[in-house]
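Okay, got some structures for you below.
Next, two complexes with chain A in common: one pairs it with chain B, the other with chain C.
Right after this comes the complex of A and B.
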């Protein structure tokens, strides 16, 4: 009959109205500033720069290769390369970013910078309470503001960070082994050269030149 | 005077006392101004309370808490809303017709306030006891369409204009059943005066009141009147003129700040006045619902009933989805109009059967049966061609 559905619907909403006073389970809203929903692991919003160790600037993984700057679709990354070099995690001297700015008012959280970074240096943060009274300067983050420790990365994305750490450790071990092998080969060669009567000049030691690993 | 009747007449006595302080030739003027001030102060206050009640009620219906930040339990929310709307920038579109754009909200609020002039709020509490009070109310109520169209037209905005067109089409369509469902009362009372209509419902049988809603034609009239009133005030499920999912905000899309607040106020005041008329016409006005509750002041009963009506409107808003334009028009012309016309006939039959040998239970049965049969039949016919179920799209996929 006409109107039956309306009465049924009215009954349903009346039930909701009355029951919401009785059962707390019905109220699904989280009262935000006081309560917080747990952040899920895949949350992401804006990028940050990972550093190892204690010193922000010394441990920065970024080598200022500018791939992210070029790939960034809204062009919110600005990098100035350094003129000097500092050792990276393997110990190889690398250029580092003298300036690394991200305008988070432009960033669209696409994560492309993270995907293209060959050095695991840029990752996505989960911090979302970023409101500021200065909409220009306040939303332009520099190197210092962007740097976050590896421990922070482990805290917000544990699985991903563990994978990254394993990969980096593997690479480091590989490069150490390679360096060791090269050193051994060079030593052997040198020994052979020393033993041999031919007066050939000693070849330059293998392409990987740095042998002393500094972690 | 005894205490209950003193309490009943407290506002009237106050008005007389204040007016008595003035010279005699000024007294009628002062008394009127006082009554106007009372209306202009009390109904916007109810509006403020209603906004927070509505938001909290809708929240509860959707299993939310509703506003709970401003003041204890969020009851100071209207204050925050008021400050917000007063301090907001008032933007007038560059190509808008400035004068009409400015006048539209004023016209709406003035017209709506005029409607309260003939509303009996309590015993001896009516601003203007006109002989044709009902007619006055409907005439004034119809002029709100003017302001709606002024707003839509002067904004120079497609959404505004579409909203205004919809509003005018809807209001004119529903004006007909609204008037016809109220005509029944005029037929039975023999008067257009709102005060006389309330007085006619004042008696009691045992402890039950003689409200018109407790008769078959009165009940049908009440339901039809409430439906038409919902449409007339653009309330959900008839909120097409301002359907936010389709038209941003309808005819007041281009209004901001205080003018927007005026539209909002006008809309709610319109709802109160029409709910007040539903109470006056069908629910015994300021009369007590039981004979033994006569000691409660009459204005108390009126405002209690008004709160009940508001709660019903909020409940309906929380329940029903918005109609489509064609459903709206079909409903007005194919269901509401035949039912109201039939109701007129039934009311006439009721009147004359009461004098003949078929009074009492027989006329109850006959009138109820006729109305119920018509309702079921019309419903069947209307639903016959309804294809309910998922919509199929032929071209868009």
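Right after this comes the complex of A and C.
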């Protein structure tokens, strides 16, 4: 019969129409500004810099090694190294970024900076409502705007952040144990030298941070 | 020899040029680049005699982004996110094709589990691509919205899966040389299984909605016929080629990855018209569902990256490699030449969309101008891949 196919198709749409009153599956539109879809944990859009503790600039994990700047496919990261050093999370002095800019309008959210970072310093945010009326500088973020606390990281990617924290704590414990062992060895040596019959000049105190910073 | 080849050439084209008489005036229309039917920025310079198409010249390049030269200047890894942006509906298959080419170049082995993850993501990609391509085709036919929205409702679920796994819905950037970037999140496979279980219902629904529809049949059957010999000579691949009845599917021919382990059929068309292309896509979705069932059932535990492969400072030995896969739109290949440095000496993409588009004029000659839109839609292209 001519028109049978059309009627069958209309039956299908009628089923959907009627079911949209009773079944949530059939009513799929989310009325965006009022309603929001649940955020998926692994989601990513733009990078941010992680800092530990209270002070943004003091706690920045980034050591300005410039690997992310080099690996970034669209080259949207700009870093200037500092001339002085500050202690990092294990306590050894490290260079920090005097400038760290990301042009969000160039960034393509590929996550390669996160993958190549050896210091867990750069991570992906989930904030997506970033529109601005300033065409020229509004999306060029400096290190102040990019810095987010570790708590924020825990809030948006809990599983991943827990893993990262465990890894960092392990590293810190290792380096502390190493420093402690070195200090004990130095103390032992000093004691042995003191116990020796001939008075020798006291050995210089061993430096606490023995490991050279490796990039 | 030259005689016979010109005779063969004549067979390919419908003899429409004969109907133009001396003194006839043709109307030249530029369809596009900003035309809702062109899937982006694409122009067709059409010469019309009344409603009939006498000449058709495709003009593209509006979306050229210098992909190949950028990749030659960037490291191997840095080209991976750019491949997402080729065919932005199917970023995971693009990733796979590029990763396969680099793995061939550098001789990297992919662990079993990563191969399974690749198959699962690629088949999900194929389903969502075919569903939305059918939706777009119906949109161009005048079925405003309904089939497209039904397709997008299903695509939404698959994109949510992708987002949970890769972090992004469309620009996934998931595969790496020697495996995949991250392990499947907890419960991902169970979620994927639920969605895959729901897919046959969706395909039945869209078939009930469309397949028997008289308007669809009247507008697609016998329209835009592509002959198998022309399709083979032009290098057409994918559903376009299989709709003409040529049995050529790289999953069966090449057995790349682990496709020799799965049982599936390759649907073939008979007439090479728009309706056959539509039907092939429906049937391929059904076959993809069977592959997905097998892959989700069999996926082993284990590592997802080859321990020898490294992210930074990747320098393959000098040489060349061509990696190709059956992307949803056809054969997607990456040709790489390495000179031993950190970036490829030559990087070339074989995009199925561009090559499937080359026979557009042959399909459109003698048809009405309203059907050109449909024929173009049935090729299933993405301009990001055509222009690169």
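What we mean here is this: the second predicted complex is superposed on the first by the 179 of 215 C-alpha atoms of A that agree within 3 Å, B and C clash if a C-alpha of one lies under 4 Å from a C-alpha of the other, contacts with A are read in each partner's own complex, and residues count from 1 in each chain.
Please note the rule applied: a contact is a pair of C-beta atoms (placed from the backbone, for glycine too) under 8 Å apart; a residue touches a chain by one contact, two chains touch by 3 or more.
Remember, it's a predicted structure, so these values are computed and weren't measured experimentally.
K.L.:
With the two complexes superposed on chain A, say which partner A:42 touches: chain B (first), chain C (second), both, or neither.
P.N.:
second
K.L.:
Determine, under the contact definition given at the top, whether A:28 touches first (chain B), second (chain C), both, or neither.
P.N.:
In the superposition, A:28 contacts both chain B and chain C.
K.L.:
Which partner chains sit in contact with A:14 here, chain B, chain C, both or neither? Use first/second/both/neither.
P.N.:
In the superposed model, A:14 contacts chain B only, not chain C.
K.L.:
Once the shared chain is lined up, is A:2 touching chain B (first), chain C (second), both, or neither of them?
P.N.:
both
K.L.:
Per the contact definition in the header, classify A:115: touching chain B only (first), chain C only (second), both, or neither.
P.N.:
second
K.L.:
Going by the contact rule stated at the top, is it chain B or chain C that touches a larger number of residues on chain A?
P.N.:
Looking at chain A, the partner in contact with more of its residues is C.
K.L.:
Applying the touch criterion given at the start, work out whether A:132 contacts chain B, chain C, both or neither, answering first, second, both or neither.
P.N.:
The answer is neither, since A:132 touches no partner chain.
K.L.:
Is there a shared patch on chain A that both chain B and chain C touch, and which residues make it up?
P.N.:
2-3, 6, 9, 12-13, 16, 28
K.L.:
Under the touch definition given earlier, write down the residues of chain B that touch chain A in their complex.
P.N.:
Touch list, chain B to chain A: 57, 60-65, 68, 315-316, 318-320, 335, 375-376, 378-380, 382-383.
K.L.:
Write out the stretch or stretches of chain A touching chain B in their complex.
P.N.:
The contact residues of chain A facing chain B are 1-3, 6, 9-10, 12-14, 16-17, 20-21, 26-29, 31.
K.L.:
Flag every residue of chain C that touches chain A in the complex, lowest number first.
P.N.:
Chain C residues touching chain A: 74-75, 77-82, 84-85, 146, 150, 153, 156, 160, 163-168, 171, 173, 181-182, 185, 205, 208-217, 311-312.
K.L.:
Under the touch definition given earlier, write down the residues of chain A that touch chain C in their complex.
P.N.:
On the chain A side, the touching residues are 2-6, 8-9, 11-13, 16, 28, 40-44, 67, 71-73, 108-112, 115-116, 124, 159.
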